[in-house]
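Sharing a structure, written as structure tokens. Questions coming.
Labels A, B, C and D are assigned to the chains in the order they are written; within every chain, residues are numbered from 1.
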Amino acid sequence: MKLPDVQAHRAPRPFRLTRVGVTGVVKPLRVARHGRANHLVGTFDVFVDLPAEQRGTHMSRNIEVVNRVIDEHVRKETASLEDLASGIVHALLERHEYAAEAEAHVSADYFRERRTPQNQAPTLERYQLVASATATREGAERRTIGVEVIGMSACPCAMEGSRAILASKGHAVEGFPTITHNQRNVATLIVETPAGHSVEADELIDIAEASLSAPTYELLKRGDETALVMHAHENPRFVEDVVREMLHAVTTRYARLPGDTLVVARSEAEESIHKHNAFAERTTTLDELRS
Amino acid sequence: MKLPDVQAHRAPRPFRLTRVGVTGVVKPLRVARHGRANHLVGTFDVFVDLPAEQRGTHMSRNIEVVNRVIDEHVRKETASLEDLASGIVHALLERHEYAAEAEAHVSADYFRERRTPQNQAPTLERYQLVASATATREGAERRTIGVEVIGMSACPCAMEGSRAILASKGHAVEGFPTITHNQRNVATLIVETPAGHSVEADELIDIAEASLSAPTYELLKRGDETALVMHAHENPRFVEDVVREMLHAVTTRYARLPGDTLVVARSEAEESIHKHNAFAERTTTLDELRS
Amino acid sequence: MKLPDVQAHRAPRPFRLTRVGVTGVVKPLRVARHGRANHLVGTFDVFVDLPAEQRGTHMSRNIEVVNRVIDEHVRKETASLEDLASGIVHALLERHEYAAEAEAHVSADYFRERRTPQNQAPTLERYQLVASATATREGAERRTIGVEVIGMSACPCAMEGSRAILASKGHAVEGFPTITHNQRNVATLIVETPAGHSVEADELIDIAEASLSAPTYELLKRGDETALVMHAHENPRFVEDVVREMLHAVTTRYARLPGDTLVVARSEAEESIHKHNAFAERTTTLDELRS
Amino acid sequence: MKLPDVQAHRAPRPFRLTRVGVTGVVKPLRVARHGRANHLVGTFDVFVDLPAEQRGTHMSRNIEVVNRVIDEHVRKETASLEDLASGIVHALLERHEYAAEAEAHVSADYFRERRTPQNQAPTLERYQLVASATATREGAERRTIGVEVIGMSACPCAMEGSRAILASKGHAVEGFPTITHNQRNVATLIVETPAGHSVEADELIDIAEASLSAPTYELLKRGDETALVMHAHENPRFVEDVVREMLHAVTTRYARLPGDTLVVARSEAEESIHKHNAFAERTTTLDELRS
């Protein structure tokens, strides 16, 4: 029995729509990196635009596209989430013949083996990957890959304050770090590359993690814990410092990328002395950073 | 004792920062609307930009600004959250003498009395307000006021499908709504006005709520519940329809606003037949909508 | 260099503690079910009790235990999360020689292949598993396995109301379902078994899903969507009905389990006509259910 | 027109239900404390039990009860959320004539003026209140009042580790606090009192806040910030210590309360060196604590 295609009807209010699609689609994924399979659980948002005259998109086609592209990429041992997002936007344009643009976002927890600072014990650390792609029917395409890294930041200002207070009480406190507040800090680094260029998510994780006062680890025996605390306090950083360290590393490492590459660097500190957070961000292009 | 001002030091990595400030600052507020005081709990994010040479902003000044402006506005019986945000960005520029731009966001639950569809019983309904303001030292300012409204959407496509199925079984199903899936739908409507112009949040709530298949109510006796279900099914709407209804109402009601007024209209349906959501959005200007 | 063991010091305030440990530990997992490997991302909370005299537990031992037990279970191709939790509590008692009790909780998204109602198209559906185990040094142990299933519930009351209204307008509305509100409904079913007994999570998912008005699917083509809406409206259910369907199925299917088996059945409907949820729950034993 | 009362029908599966009701009902409230009105936004969950034979509860009565009791308490200038919860459970039993038990929970953000540690500047700090009441038709009633306080904890173990390391490098580090990790810590203290007894939420907040290494403040000028960091490091505390400080204060301050008063004390540290949290909890009675 043929059911009516209400989506294909004329829209009662003919306005063009910028983004129509599905959000919060959760799927198991496998991406292969450096010969190692990573099993991830990805959350997808996918959209196309909709011309003024058409009443609705065919939402189920979005899910078909996501399913099909994931399956193909599993078989092809795809290396990256942004390749997956790119595959999705091209397939969206194919299936939604009325659409001029398509957009796909995917985020997933991701794990990497690290070594603890003193004992060099292996530990599996959690990071967040965020990737996206947009494409137009005319062929323009951009891909974004980003990471969120949970680390630690120690405040440089309160450290100098505590040093001054301790010195005023007669303590010899030069030559080593004094107390300050420190806290969980989420460093985010996102790079949007033009077609033909790419960056490696693992590299972005390394940059973001090194920009913090210290990494965090799941498992720290007593010697490791003390070494980490020493390291963080020898590198006290404001949220502003964390962002600028990332920007510096990006300009240094990505000399090969074109000037119109977009960069977002962000640091949010869950302040241990406040109930609110401290925040710093730069949204820019490589051209601006290089000048 | 004078403590060192580490923020005023030269930045080790001299990159300009786009946004530096605090997020998640929660404060009780009072705004007066139409002679009625509303006690809200607002969540604030406030930022300024930071020149390349300066190591840090003085974060505590942000909180001082928010506190002072809230106090002034309580005394002045301020009518709106966007006025509050505007007061904050001007004070931020005053206190952060090195900043060229300032930005403030505030969101809060907000309650309005409604009448149930059949019994006309009074009920207090919850909405979300989202306001923001940006200002530059050169004097450019923009204000944004937006609302999030939880209502109900009923799917037009599955209704036609069920009608066809029931008809094929010999039932006379013309002239009244047949079954379909319906669900919670969050309609968002945001308007950014140039200086000298404003819109009323209550009006945006009315527009967004009327764009859904039906409003939702906290308290529905049996007759009200049935009347609401009937009303929703007599107005089946896709997320696309909900957005377009909002766009239509905005163009009709805001003929007085300039063409560069920004409008964001969005509908997200928490689909009762899926584990994911359906989504539609238009980001545009009044100029585009009018053409 | 030997660092001081501050945890082993005498507690300044010697009160016994009920639960001391770590929460929010996220780890990739592999469990084998019916010859098929499932790659999950588990979130763990693990605790032991602490005697009054001892100042602190050794928190890093909790992480060592979780890591070691996960590794062993991956090698052993463990079939279930509750086995994993059980392995963890035994290892916790070993490593925390001062503890009398241990407790472990783990939750994870889990995916199963389903077939759509009409086209029988394959679709991968998401469920939530929640498992736990407790053990005492004297050897008492209990294991819990539970599931959260997102489905759809359609209200029986508003359907009878709409039928009465339509009939009063002269429509012939007997013999088929009339309109009502329907919505996402999260059905939860948890079983705590004494040592030597177990239940299969897949079976609990089947029970919970069948207790709702209808399952939800990720991908529904038009015929599937209509069939699902018909099915849901032919099985209108209150949250109370959903819970009782689960209780009925549990008593029928688990005749083999002892009477002191604990059962929690819960249904929460994200009401499409309200901004709040409807909720029903039964906490009981099989003995009580059987009487 | 009389619509059918489907809830009053016989249940198809006659199992008793433990809790049936509504969750996530959000309402503006006013409570008067010490002559000062507090405007709060409360979130309510309310339930009754349901006998085996009855198909459904009348959900709208729950909302009517909540609305009516809030209105009465606003007029009576009610002092506490637990009084409000108590009023609700009694009204629930009245309206649900078939119920044997009723239960109400309410939580709300709450603000109190504090003074900063050094400058004694006024600051409005945010706390969370959690209250509940249960009552049976036979007249048994219990009330619970609890608080969640965000403060700071500094680790005693890593401080001794850093002191040992610094000493081994020849620094004189006796007589003042050395570096350690510190973080946001949520201290929770809940007391369930039998009928005729009560505790003051403000007092519980004072106890929980004093049990942490230091309070947190919204606004800290440089001198305040340094004073706070010094204070926290002079009171380094494990999560275990935080819980035991609360237990000690409760036994000292509430000698007047009966032995069967229930107490829950909890501390969760959002570890700055880990991506997971540290957790400690005691669930007990005053009788146990006193022995």
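General observations
We take it that a residue touches a chain if its C-beta (ideal position, glycine included) is under 8 Å from a C-beta of that chain, and two chains touch if they have at least 3 such contacts.
All values reported here derive from a predicted model rather than from experimental measurement.
Shared contact partners of chain C and chain D, listed by label: A, B. Most remote chain with respect to chain C, judged by CA-atom centres, is B. Centre-to-centre separation of chain B and chain C, using mean CA positions: 35 Å.
Here the CA centre of chain A is 26 Å from the CA centre of chain B.
Chain C has its Cα centroid 30 Å from the Cα centroid of chain A.
Residues of chain B in contact with two or more other chains: 1, 3, 25-26, 126, 157, 161, 164-165, 218, 220, 222-223, 225-226, 274-276. Of all residues in chain A, those touching chain C in their complex are 1, 3, 5, 25-28, 30, 39, 41, 60, 63-64, 67, 109, 111, 124, 126, 218-223, 225-226. Per the touch definition, chain A reaches chain B in the complex via residues 1, 3-4, 6-7, 11-26, 45, 47, 50, 55-57, 59, 156-157, 160-161, 164-165, 168, 238-241, 243-245, 247-248, 268, 274-284, 289.
Listing the residues of chain C that touch chain B in their complex gives 125-126, 150, 152, 157-158, 161-162, 164-166, 169, 171-173, 175-184, 214, 216-218, 220, 222-223, 225-226, 228-230, 232-233, 270-276.
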